[in-house]
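Each of the next two complexes has subunit A plus one more chain, namely subunit B in the first and subunit C in the second.
Up next, the complex of A and B:
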């Protein structure tokens, strides 16, 4: 009975190679550092350790220019823009992580079922994702958010229920390929259940694709938050978010108030760029066949 | 070829059914009570019940669904709650302005990004290539909204190069208003599209026929622009088709900011006014257009690539 296509000693080689590859790339490591910095910032903000005065209203000091006291100035209510931008990372990261997590869980589950079982199940899942994919995603995400009303949960759900399709398609194709492989047939021969073959045997072998898709969907999720907030379909008013800050800039710019827009854009720029760069390096590291994007 | 087209057309039927079902479920079940929303905040229970009967919302679900299918078949989506206009005629009026914004933007963007990608593929591995990669990723890291806000503020407001916003029904005069949104749309697509086309070209460059052409002694430029470009047509069509819904719908933000009375602008207004039937109709029409473009692209594939047989 053939057990696996590769000898056991090399089983982890993809991951070890990838790790070595990533560590050799300074840009990727800096990007990872930036991502971790944002995570730390969001955690410290939500724990109330730093920037605790983000909601402190001071009607005597609206639209103050950047100064030593307020490094990035103040907004219309005299609130510190830097503190609000820092707290905006909580919204963006939670939308990014929860929304993306939801999308990947849906996509992986449906893709795995379709690819593994084939037949009717496959037809149904393919029909379903083709249907969802047919609705242009901006309309779908807007409709979902519109129906559920503005809140953070809405953002999670709207993003999770919209951006699972491309991932599902990839996972399905991989399962179609893997279920015929010797190691899965071997597992069948020793009596492994469907459940076990799907989740214990095949899933770990395509985990690198989940990782790559994670950072792709994450970027889309964070960008969507901004647009949904602009349309009034994002977080409730008062919750600090980069989308809200960019939206406020519509009224601020004609008055010469540029710091709100600059702060939100800057905070968003470095997070998204770090994810984009890291994803680029990750793809190259985990998928050696693929040419550099 | 004819057989292929017919088969492909038949294939769209279950998808069309799925889209009607999905939009129906989305708006009729998940969407809460549309009658209460239409009647407004201060309506009494009787008023809501009356409106429910008028809108047919008191009937069983399968009847409502059937009624919805009827609406779709006759292309009569009822009237907007906010403006009381007929939605189909709103759609017809909006199509022209949207296309005059998105078509030129789209073709300019494709032309520019393909040229850039070819240059990068030619210079692959050099510092220019690597720097451009990072630049493209950086351009992708800025929100679409920021491009619009900054473009409108600096180019239109500060330097007065363009009008800030507005519209002229005249097909010639409207271009003064369209220039800036088109420019912004092109700039936004440079990042992602250049990266995509570059990957496409690099995938082609590693093929055997390129090595053969090189062995024959052909100049690199000739190989790139003649052989590689032609063989990369299939993935190029793919991205072109993926971008096509943008031609009709994706300009929502641009139209909202620049006051262009197109489909995106209508959708934006509808969201602002919680205009239920308009959002529903637009979602369905968007899906319909996307289906049409996909059909179109599959037929185009078959025409371009002799390897694609009539399945």
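Up next, the complex of A and C:
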């Protein structure tokens, strides 16, 4: 048989269309480039290819000013600040990806069940997320950190278990809307199961929202990691983290040592900015109301 | 210019910039609107009729739209050369407009009085008190009961027909020279449509206005317009006096458009389509008009060939409308109220009624897309309402539904092929993916589409094509019984004729049984063997198709029939 002799010259689906739109936005492409640069940096650092000397202590060279040898100077232990900052991206990105991923999985699942089934299930989920929402996340994180001790895993859990609420609300609302749509009714009419209607029919139709939420929650997660590490609730001491570097800067700044702070905030600034700009472009590209006559 | 024309449009072209380049929405058209007459502008979706009217108001969104050439002479003055402040003095004052959707064209947070006052104060410089007095007078004129009290109503407190009356009151507030009515009755029920058309005709005479009446419905045009302009793909194909166009259409497109519309006084075996009269390029085809004059004989029931397939017994569906503080229901809406009927195999039952009469709820309750509150649906003797989930899934192989809006009823994220194969996967039809693909291809052939299209997404298809895809999907499980829920209402007339013919062919070929739900009596008459008229959740009257139109028993049926525009 000959069902697909010639695939259409121009792929026409929402995703391809969005991709085409994104590729025409220079700012979006630059932002994506920056994000990929960070990902690449983190991967190379953790693979031990570059900046391998991040933990190399040299007590003879504390607080060296930026020079050709140490582009961003050294810290109190004589460690290279640039290498520390680069390694900090591992912490930030892993917290960003794992924490956000966890939050989105929880939020999507609960939101989908609540919105799709309605009734008692909905009542229960709504009760649950409003309850979680009333606990300030710092408190939750502090208690988690006390129980588990400061570590990356604590950060993953803390962010994953608190940041799902707003996402859950959005997914629930979308499911409420979509379950009444004709295409879902049509799926019921051909005998599709609940599972099929939720995951094969509705979920792909709201996936763009999940993607947009991902980049929003990601930014908040990265910032939270910095804040928590600054408060001493994040990663264990010794692990490079931008929050730790900013924390150290409290003691360094009075001595005129500005480069530690500059490196950490600079690294954070460009990552967050790139993510925010990319998120804006992504939202526009995936907006069904954007005219694509 | 001749003094009997209020507006003269000369060589108007409008283009839109899209992702795919320039699209010419209106191509070099010229026509004029005489003073004190009603001009009908007819065309199907995408013909450029609304764009032309927006061009007169200078309301084309720019970008992406642009008027690339032409003149619009209004009383000798070229509207396209006016400055924006000058144009604002004309808009709403000398030229005003009413839209299709009275729900969205009124601002929900202001009372209707305030909204009409605004126009009067703006253009006529009236003070609030004088304006309000005028508003009461206007509301009275457009037939709103108790106008002195209703000025303080909010839009949501009024029905669709009343809202359209308010829109009309707003449009005529400044006694415009030209009223542009863009599909003003399309969203309304036929009985309401009739009232609004009568109102517009009355006001047109009283104010001696010119009216530009835009519609896709030829029946409406014949009732209201003195002259007609027919548009097709951005071009004017024909213009002239209404009577001439209807009796002696010259252009093949007009001929096709007139012929493909089901009507109450004709009873053809098949509907002709525009493509019978015209080639893709717009050339005339030799079409034997006699071949469509073949009259459909009413099909008598044969007991052995048409056994009772579906028997509905005292079916009810109630929705709670008011709940107490403890969640106990205090008021119910009886959407389907004690309905009983039978459908025989291989035949079609038409279900007509106006919006809110419960016809859709009834159709969906039969398939348990909505769980009925009480009653029985016996399918071949099995009570569908009491089946468990597994048995119900098996039952869904036999009973299918085709929805109204082909844009909403296909999952936009699924290729057409996956959509058609999905029911086969669910019911274990076909051994392998290739086998199912082959069957999907056959179904595409059957509904008149190419199987090469299987790996495309729904938005790449036109409305008519999508409805064909929905039909193919419904047929994928080889059902015996199909509920068509307003399945052709969202389509243009020429496409509607094709889909109706397709449904008839499929019934013949596959011995299908249909319940055909529609608000359009002519369509129902064309396709049905029996017709049931619904009102307020009840079936008022049921008879064979010819009988109900020739000899209606119930007052409501008579009212419904008399409200249909005759179309000459």
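Quick note on the criterion: the second predicted complex is superposed on the first by the 262 of 293 C-alpha atoms of A that agree within 3 Å, B and C clash if a C-alpha of one lies under 4 Å from a C-alpha of the other, contacts with A are read in each partner's own complex, and residues count from 1 in each chain.
The working rule: contacts are C-beta pairs under 8 Å (C-beta built on N, C-alpha and C of every residue); 3 or more make two chains touch, one makes a residue touch a chain.
Everything quoted here is computed from the prediction, not taken from an experiment.
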Determine, under the contact definition given at the top, whether A:276 touches first (subunit B), second (subunit C), both, or neither.
first
Between subunit B (first) and subunit C (second), which does A:44 come into contact with in this model arrangement: first, second, both, or neither?
neither
One more residue to check, A:183. First (subunit B), second (subunit C), both or neither?
second
More subunit A residues in contact - subunit B or subunit C
B
Identify the partner contact of A:192: answer first if only subunit B is touched, second if only subunit C is, both if each is, neither if none is.
second
Quick one: classify A:204 as touching subunit B (first), subunit C (second), both or neither.
second
In the superposed arrangement, does A:76 touch subunit B (first), subunit C (second), both or neither?
neither
Output the subunit A positions appearing in both contact lists, the one against subunit B and the one against subunit C.
291-293
In their shared complex, at which residues does subunit C touch subunit A?
16, 18-20, 23, 64, 364, 367, 369, 392-393, 396-397, 400-401, 403-405, 408-414, 417, 422-423, 426-427, 434, 437-438, 440-441, 451-452, 454-457, 459-460, 470, 473-474, 476-477
Complex interface listing, subunit A residues touching subunit C:
1-8, 12-14, 181-183, 185-193, 196, 200-201, 204-205, 207, 291-293
Report the residues of subunit A in contact with subunit B in the complex, numbered from low to high.
27, 127-128, 130-132, 134-136, 138-140, 142-144, 146-148, 219, 223, 226-227, 230-233, 242-243, 246-247, 249-250, 253-254, 261, 265, 268-270, 272-273, 276-277, 280, 291-293
Contacts from subunit B onto subunit A in the complex sit at residues 14-15, 18-19, 21-23, 26-27, 30-32, 133-134, 137-138, 140-146, 149-150, 153, 157, 195, 198-199, 202-203, 206, 245, 249-250, 252-253, 267-268, 271-272, 274, 279-280, 282-283, 286-287, 290-291, 294
